[in-house]
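Every chain is named by a letter (A, B and C) in the order it is written, and numbering of its residues begins at 1.
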């Protein structure tokens, strides 16, 4: 056992990029998730978190949540800011930074974090305005929805959009790391991967949602509907780091509907207002407003299967998925 | 800080649809999830939950679980029934309902809830009969399965089917909200989205499963196999609320296999018994029994890539995903 | 209530395959998940789990984690070994095994488990070497990644690959059940389904990842990139149990990139080094090295939509997804 531990310690020391050692302050994924849970309670009070809310106790509950969130977010934002500075250097370079400048950096990050969190709170009412329209869009858009309440209680698209709208404000305030951890947590809950940098218009509805990918520089207008498996992505992402910072993802204008499995790629691709993009359509160039685009579905070959007991073996061998 | 809290409270008051305030009884997502966890323990005793079960202590454990579940489900069912009544009016209308009729409504809901939960328990043995066949189908259908136990311990398809079969009984008993919260919880665990209204035949197997969507009015026969990314959906769901309540999703007859990524749409679409639907097939009309349907895969263009150091730049620029 | 409990007990007794009763030792899913969480802390110390690590306390923390993991893994490995033996017989056959041989079987399993866990620990440093390259590949491959830290904190692909690399070692050491429970847990977190049997080369990157399926006998070379919705699967998996144990999944050579939604099937299919496989490509035969394969996207039909107020009804009725 001691030799196992020794070899593991050596392994940790050999790969600074895989560890966080000798860093006094670190962002903490569990705390970030805890802050998301409280943000959901603040945005949809009574739906998530404590129950029995009345007009009388509501202000106290909101006050309590706000204080808790303030502590959680301040701590995580300052850690992420400190971290972002360390990460500008090579990975693991935060080990042994000169002590003098360090304390100034920390003070700066603390001040910045307080300002950012204050600004973030002041934006929440406007975020809730947009979420109220998303909730209505979810109910209006899905014939299986029995009530507005059902959409808030159970629709994964609404969870993903809510977390992204909140994370987007932190992204907009230049907080590193934190917004992405938030949206990836929503991704793990919902299968819907919306980068915190994406710009979402009001009354946005995602149905079912598993497999949806919406890239960092996507811009989406109002009243847009998206179904499961839709990708709004980049062309040739293989050339990775060269493209960092450029608009790589499409623009979707108002009142567009994009059906399941459609793929729309490229930073110059614009889907004009009022378009309907059919299922499995693959688009890498712009579509003028008010067009319906349908993919000719693959030609189908039909062949009668022989009943079992006949030449079922044959059938088995030449059938390919 | 006080001004932040004040603006958040105003924001909550301005959007009744996003909050649940002044409602004495509310369904609770955490409690519904707790009931699912106990239902899994009841359905697969020893696999989930307490261990060390013997023939002797089994009846006590089952008794304990049943009592816990009875309390949990009664509370959630009555909340959902009350809620369903409130939701018939406009969102948030439960605020300030006349007190006289309210107490009668509550009594009625309590009675109804007790009846429903009793009926639900009496149906569980029959659900377990069906699940025993699903477990066998999972083992028989997957060459990677090493044992029946492995499928119960780890197959996401089995989790999604188990939760749906239980939720379907509550859906059938006209409980609002609760069944959908249950299946959406399974969706978040598995990436498999089966509406509680769907009718699943016996020996149903879903392999891998991420991205599977099975709509509310789907009817599935016996011995059906479905792979990842299959959609059994509605045509033109854009026209949302107009279609509420109609059969919008397909019928799949006995002994059908549907391979990965296939899409079958429409309430009048019937896939006849014994059919094999190939990967990525897109179908919006019926297929007669005993047919194999294969999508002609998209034509492929091959082009040799020049080695790096040659004109790799060119290659980069004209390659589109 | 007593009659409900009675009928549930009868139901449990009637389906031995769905229960684990009269088994003294059982693998436990919660304990297996607990071991994964600690393995992530051991592999990425400071990122996951306790914070405030310094060069001084690191060996103690690693020692503590190793001891905890040793206990957890020993218990689960021996349960899985015992279980694997029982599962060789018909389901549920562990009830009433002859007591004499049973104690010998247990001793053997205990010894084997101790050897396996020791060997597993000794392989972790080599697994970390590979993970360090995967982390770098994730940063290099994604223009949206702001730092190496962001990839460790939030990329689902990295979670899925980390868990698979660890589970693969246990699979390689012939532990039944446990490795699959581990990778299916990662599947539920990430939507990425990599069988523990798959062989992954170094510097492997999965972007977004929802819907990725990588089968048991897949072999992947170095510097391979895979996007969301890619399937590396088997042909005709319908013929299930007949194919158990054969190579059924493709081989992907070094430096291959596979874009979103591509499907590559079959145990004899080899994608040669340096190939680029485009989005939605469907391949069931080998591709020579250094080729780009692009699927001709489905032909698109454009049609102008009439503004609302015109003949919108028509539009609704003839539009099919």
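Operating definition for what follows: contacts are C-beta pairs under 8 Å (C-beta built on N, C-alpha and C of every residue); 3 or more make two chains touch, one makes a residue touch a chain.
Keep in mind it's a predicted model, so treat the numbers as computed, not measured.
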Numbering shared by both copies at the chain C-chain B contact, with half separating same from different: different
Fitted rotation between chain A and its twin chain B in degrees, CA, nearest 5: 120
Whole-Å gap separating chain B and chain C, where each centre is the average of the chain's CA atoms: 22
Residue list for chain C, restricted to those that touch at least two other chains: 191, 210-211, 229, 233, 238, 260-261, 263, 276, 279-280, 297-298, 319-321
Contact footprint of chain B on chain A as seen in their complex: 42-48, 51-55, 58-59, 62-63, 66-67, 70, 118, 121-122, 124-125, 128-129, 131-132, 135-136, 140-144, 146-150, 152-156, 189-191, 207-208, 210-211, 225, 227-229, 233, 235-236, 238-239, 257, 260-261, 263, 265-266, 276, 279-280, 284, 297-305, 307, 315, 319-321
Footprint of chain C on chain A - complex, ascending: 1, 4-13, 15, 17-24, 26-29, 83-84, 87, 91, 176-177, 180-181, 184-185, 187-188, 191, 193, 195, 197, 210-211, 213, 215-216, 229, 231, 233-234, 237-238, 240-245, 248, 259-261, 263, 274-276, 278-283, 287, 290-298, 316, 319-321
